[in-house]
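A short worksheet on the structure shown next.
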Amino acid sequence: ASARDQVQIAGSSTVLPYASIVAEAFGENFDYPTPVVESGGSSAGLKRFCEGLGENTIDIANASRQIKESELKICSANGVTDIIEVRIGYDGIVFASEKGGNSFAFTASDWFLALSDQILVDGAMIDNPNTTWNDVNADMPAQKLQAFIPGTKHGTREVFEDKVLLAGCEETGAFDALMAANGGDKGAAEKACITLRTDGVSVDIDGDYTETLARIESNKDGIGVFGLAFYENNTDKLQVATMADIVPSVESISSGEYPVSRPLYFYLKQAHIGVIPGLKDFAEFFVLDEIAGEDGPLAEYGLVADPELEVTQEIIADEQTIDIAM
Amino acid sequence: MSAFWLTITVLILSAFGAYAGRAQSLRVAGGDARKLHSLPKYYSSFVALGVLIPCLFVLVIWLFAQPKLIERGAEQMLNASSEPSLVMSDVRRVADGLGVAVAQGALSETEAHAPIENLRDVLGGVGVALGNEVTPDVLSAAQGMRAQEQRGNQFRMFAVLGLAALTLVFGLSRITPEFRARNAVERVVLALLITAASLAILTTVGIVLSMIFETRNFFGLHSWKDFFFGVKWAPNFRGDSELSILPLLWGTIYISLIALLVSVPIGLFAAIYLSEYAGPKTRGVAKPLLEILAGIPTIVYGLFALLTIGPLLLNTFGSGGLLGVEWMSGATAVLTAGLVMGIMLIPFVSSLSDDIINAVPQAMRDGSLGLGATKSETIRQVVIPAALPGIVGAILLAASRAIGETMIVVLGAGAIAKFSANPLDAMTTITTRIVSQLTGDGDFASPETLVAFALGLTLFVLTLGLNIIALYIVRKYREQYE
Amino acid sequence: MKENAMDNIKISAKNVQVYYADNHAIKDVNVEIEDKTVTAFIGPSGCGKSTFLRCLNRMNDTIDICRVEGDILIEGEDIYDRRVDPVQLRAKVGMVFQKPNPFPKSIYDNVAYGPRIHGLARGKADLDEIVEKSLRSAAIWDEVKDRLDAPGTGLSGGQQQRLCIARAVATAPEVLLMDEPCSALDPIATAQVEELIDELRQNFAVVIVTHSMQQAARVSQKTAFFHLGNLVEYGETNQIFTKPSDPRTESYITGRIG
Amino acid sequence: MKENAMDNIKISAKNVQVYYADNHAIKDVNVEIEDKTVTAFIGPSGCGKSTFLRCLNRMNDTIDICRVEGDILIEGEDIYDRRVDPVQLRAKVGMVFQKPNPFPKSIYDNVAYGPRIHGLARGKADLDEIVEKSLRSAAIWDEVKDRLDAPGTGLSGGQQQRLCIARAVATAPEVLLMDEPCSALDPIATAQVEELIDELRQNFAVVIVTHSMQQAARVSQKTAFFHLGNLVEYGETNQIFTKPSDPRTESYITGRIG
Amino acid sequence: MSDPVKTSLLTLDARTKKRNAAETRFRMYGLAAIGAGLAMLVLLLVTIFGNGLGAFQQTFVTLNVPLLESKLDKKGERDLAKIKKVSTFGYAQLLSQAMEDALAENGIDSDLKAKKQAALLSKSAAADLRNFVISNTDKIGETVEFTFLANSRVDGYLKNRVTRESIADDKSINAEQLDLVDELVAAGVIKKRFNISFITGADASDQRPEAAGMGVAMMGSFFMMLVVLALALPIGVAASIYLEEFAPKNWITDIIEVNISNLAAVPSIVFGILGLAVFINYMHLPQSAPLVGGLVLTLMTLPTIIISTRASLKSVPPSIRDAALGVGASKMQSVFHHVLPLAAPGILTGTIIGLAQALGETAPLLLIGMIGFIASNAPDSVASGLLDPNSAMPAQIYEWAKRADPAFYERAWGGIIILLAFLITMNTIAVLLRRRFERRW
């Protein structure tokens, strides 16, 4: 067997477009071959990352979330101990509906009242009776409730649950009611908060944003959850809703005003640096200001640049690995 | 001699063996091939195979074993502190690079064995990229490895060529007029056939092995009672998920059933028309055209379900639809996926059944027509029963395909698991959940991800059971009618 | 046994020509087949006996390259008329083939097949009766009565052919065409089938192709001798066998050995 | 023509039993078949003639449920011995089947197949000669000589069977087994085949299963009568036909009709 | 067998009429089934071609680019290593310069900033230029004419996918830029024409849909099919022959038989799991390689081929086998000389369906690393075709269909057209072969 000479990356499909933009530019500007960036999801990527060291394992795992403790354990059990964590920026999560239809200004409570299985009415938890947005919030149009939200495989779903549903649950007071009902069991209360109605108002989308878009196009009432980058590429078909009166944009997310976003990472095997040609160069190239900075191509495509990019650059330059608490 | 040229040499020797075997057989028969037990070509194949098989076997083993042995030696030489496989890949890269450099004339053979300055540039110059500067011990390990490789390759050459000569002489010496060369050659062929058939078992073992450990991990984290007997499928990022296979199983069965209800009648009637009514021209055109349906990527069918069939059904059965009923609340439904999947499966049923129906002897049809049966009576009562075992096979294949389909289900039937008898409800299948959980964002060591393996293994066992039953039924039926 | 031929014509063929693509297999054959009579077709292999026989119930329709010209009338009605439904025709003109071809069904279902599709039985009991009667007349009842549910394809060659005869008889045809029905039967079974043919003759016209001149002599009243697609001679069986008028017939008949 | 039977045994079967699963189809048969002799197997349909015949060249090996016990010796060698290659055996003991079964290949290739796989011909010309000779001896050469490239399956039933005989003869067997080879032939072709059988007898042993007792009488020197799996009687043909010693033989023979 | 009622043949009795009606109905069902199947095919094809044909046309911009020595090789040493130091960002300036020159040459005034003007070009332009310079250092200092791809929005504008209304909220292009496009089209600088590199090129990142091509993925599929055909067909046929013709009927062969039909029901993703575990983790074959993809697809296709091959072997009449054995052919000879040729049509049908399935399959490729952004070079040898990372056509289509830029949507459908063309070529060969073997006996 002859030795592998290109960087091999796998993981998150959210990070994939950014990684491929970087990989392409890297291939153009360096003598190294263009890295291979596989998709398949954060979990699958990290799993392969933690499979072990060596040529027939990947060098970098992309992830739309931070690596978990339990995963690190398996990693180190397989000898993958020196892991460099690189945060490349943030992914904004936006709500959008069919262009030309009603425009929306949401709050977290609106979403909770629209989609939760049970809501608090007059001090009691009852089955969600709302059928139009107007029922949810008198300021909103009398449009039928129909939401296309990420399926349970997507990390975006977790963000949606944490930053929208749970927040709404607390805002509307339902959380306290549930805490009381569950005898102070926080876990149970949270679970109840994020339990969605099953009458077809909320539809899980397991596919990609293109599927959500198609669903909205064939169902004019639909409101979908998208990544910021996706929305920005499809402004001809979608109009974005505000959240707590903030219009989502690279700027408003970067500044932290717009609440719904999540960090994106990649993980790198230190042991592979120097062995796989171009690995470190690639990692450094990825977080260059010209690439991942505010004016770089990634931001242009929709990545919310990390305000602390310098720190990240240092981490790579110094090959700082994560401490694994064993 | 490189492995490639060695293989070529062995091939040439075995071709020579073929020639010599033929000549020798004719010689021992005194020039009269009729005195031989077998045709001369069997003697020649006997000698050729006798050379080829052992030599290639030794060569392949050698190719696998030598690098392992040499690397182990080099590893000990290095007594590497960090991950040995990585250092070794560096060593291997340097060793290979030295070979390339010598081949391209950038280094002389003697230079390649001496310490080399700025090796990275030298190798870079011949197109071998190195990650960083080469440490002396890596270089010396690489050089040692190269030397050993060269020695090993020499041994390999002697061993293989020696074996080739030996087997050649032995093969030729076996040739007598009585020698049953055909039987010997056929035994080899039979062994190959058996090997091919056993591959199915190996694959099964592989599948089970590649899933069983993760499945065990899953059952370590999640209660098997909930998995097998729970009623809800609700994975959840914070853990504490309900992961029961039953609603998924229901969705799988329901969707496959609808797909079969679409594809079996259409496919079977199409097959009947093609083989019994259509002229050769129609058949020659229609059959391959239908077969294209099997080749359209499933993503296209998925989009077709999402963009065309789903909305169409919604406009019919949904609120404000053509029928004025409100049976359907979203475009995703069991029926959507079932219909589209059915279309995809048409050629599975039609093409295979057509071949099988076509093979029913004409005498069978004559017998029925001679009794005054119409063509359709003949088909329904004589031809189809005669072709039934094969048709059942085709349908099973279609059903198998339905169970394994993902894209159409994701885009057509949705991602929500539920028990419902309404075909206009969204549901999902085991296979799509396997894909979803495997490609999701959850913690890969969590039950939410590991459940994919348990689902896969359970589905495997279930279909195995179904197949055993199907085999039993087909057997019984066949015993009656053959 | 002899009757006035003219009054009693069941099938009459006029200037029949049959082509398999370019192969002219039947050349201008004229023949009148009488009702309540057994007619034997004899002639060397490949002379067109089977082909002509298959014209009589339009079984040749199933062969794409086969073309039939001329008229074939059954009771004065042209069976190649557009209005004629070959299915109805074949119910009237039954057929037993050269190679036994039982269906891959049970023995019972093989025989019940015809009566079922033609709706001849009033009920299960009636059907049972038809099946038994047919199997009996085909001289196979005793051998299969205990295994009517066994597959018909599991029988020996001779048994299979007798089953096929039973199957044809069960549809109660008016004309029965038999293409060497006994070539796979042993003498005892042959005798029984010949008896059956004689019995059928009481009501129907039977046309039988045979290679055995003894058989033709035994069972038929009329014999037609074919040669290279031509109908060389047609007449009373004993006349054909004793004083053939055509030299070809004579040489064929005397060329026989036993 | 009569010879000393003892010196001249080609095949001898000792206590042969054949079972199809539980069906005891051949019951303790002992028989000695002579070289350069035609032996006829006769008996009612289903009595096991074909089954026993197929034991002689181990064609029964291909039927899973079929089990053969006892010894069958050809020239003193047990053909069921482990060391015997059934393929080699079958080249020595050729076979013609009851239903004609030409390969879906050209007529030429049908006949040339055996010589090719056994390496009997030295070249194209030699092969052509074998093919022609075989087709001639099967009395079909004149009919097919102009269309040797046409598919064998396109011939008429009789032609197909003669082709199959030609195919068997082409391999130059020592013993030729024929399972009702003439049941699809017309008398002229039958006579020719019978002549051929007589000719083959000069060099080989021929075993023929037939339903026609005339044929048995005409072509065979020895006759074996089977009944329900038993070999009832075996002896000189004329003795069997004139003074059968077993009452079953007698009733079968007198039960004949032509 | 009562006295038959004399009926005329010329009039149909009621029962016959009914039966004939049933006959006609039955025939119509058959016709309707074929019609339904073909109608679906037509519908699908119309959708595919309607959406995808546009991908074969692309908009190009022709510019004269001054390869300024001051930018590319300040010292004028023509030292390749130094020239390589200039990254694509450096070339961007040359492009805006060339764009300005083009406007001036054609007398077009524009208030747009240079960067906005250059944004009409594809992002691949700089890379194209850099590659040219690196391989033609002698041209530095000259002005060279280039034809660059236009940005996907510009391309969409020429294809009516992008309109002034639709870009109202679009950050990447504005109405003034479209005005400029109109003028450049009039001046003949921007042209739409057939785009061969869609058929031959490699994938491109999300920012440049205009540069993405199917060619390399096509090679990936081609090499995978090569592996599948070379392994699945012989192994499948060999296994079927053994099981159908030689295997004793015992529990071992029963197990094999059940196993095979069960493998047909195993979801394809599970084969991916197997492939990852066995071929990559255990046997250490390279990741993302068509060889591994081919092996996985082989395992997946085998049951289909085996099942259909066995069915057609079974349908060969036993009398043919008897005939061969009767003239002294060995079992092996009878199978290879007679049975196999007769079974060939069915085997080919199984192969067609199996290969079609393998060609269109994506799920298992996900796990062995063949889905994602794999923009390698076209393979230059069989070994690199099998071992170098590559994608496959359906994987490429699947990836494109997911991407955010709507320009990829058109390419996804265009890719499907290429996939179908590939499939139909493959099938035609098999169908022609099948027709040679087909006959009824």
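So that you can tell them apart, the chains are marked A, B, C, D and E in the order they are listed, and the count of residues begins at 1 in each.
The rule is simple: a contact is a pair of C-beta atoms (placed from the backbone, for glycine too) under 8 Å apart; a residue touches a chain by one contact, two chains touch by 3 or more.
As the structure is a prediction and not an experimental result, all values here were calculated from the model.
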{"item": "Reaching chain D from chain A through chains that touch each other, fewest steps", "value": "2"}
{"item": "Chain whose Cα centroid lies nearest the overall Cα centroid", "value": "B"}
{"item": "Remotest chain, chain D as reference, centres from CA atoms", "value": "A"}
{"item": "By count of C-beta pairs in contact, the leading pair of chains", "value": "B-E"}
{"item": "Chain C and chain D, separation of their C-alpha mean positions in angstrom", "value": "30"}
{"item": "Length of the line joining the C-alpha centres of chain B and chain D, rounded to whole Å", "value": "48"}
{"item": "Interchain centroid distance [CA atoms averaged], chain A/chain B, Å", "value": "35"}
{"item": "Approximate Å spacing (C-alpha centroids) for the pair chain A, chain C", "value": "82"}
{"item": "Touching two or more other chains - residue numbers and ranges from chain C", "value": "87-89, 92, 99, 117-118, 173"}
{"item": "Residues of chain E touching at least two other chains", "value": "19-20, 23, 276, 317, 330, 366-367, 401, 441"}
{"item": "In chain A, residues with contacts to at least two other chains", "value": "1, 4, 31, 40, 44, 55, 207"}
{"item": "Touching pairs - complete list by chain label", "value": "A-B, A-E, B-C, B-D, B-E, C-D, C-E, D-E"}
{"item": "In the complex, chain E residues that touch chain D", "value": "248-249, 317, 319-331, 333, 337-338, 342, 439, 441"}
{"item": "For the chain D and chain E complex, residues of the former touching the latter", "value": "57, 59, 62, 64, 87-88, 90-92, 94-97, 99, 101-104, 113-114, 117-118, 153, 164, 167-168, 170-171, 173"}
{"item": "Complex contact set, residues of chain C against chain D", "value": "42-46, 50, 98-99, 143, 155-159, 180, 183-191, 194, 211-215, 217-218, 252, 255-258"}
{"item": "Chain B contact footprint on chain A (complex, rising order)", "value": "1-5, 12, 31-32, 40-44, 46-47, 50, 53-55, 63-65, 68, 70-71, 73-74, 79, 146, 151-155, 157-158, 161, 187, 190-191, 194, 198-200, 203-207, 211, 214-215, 218-219, 271-279"}
{"item": "For the chain E and chain C complex, residues of the former touching the latter", "value": "1-4, 6, 8-13, 15-16, 19-20, 23"}
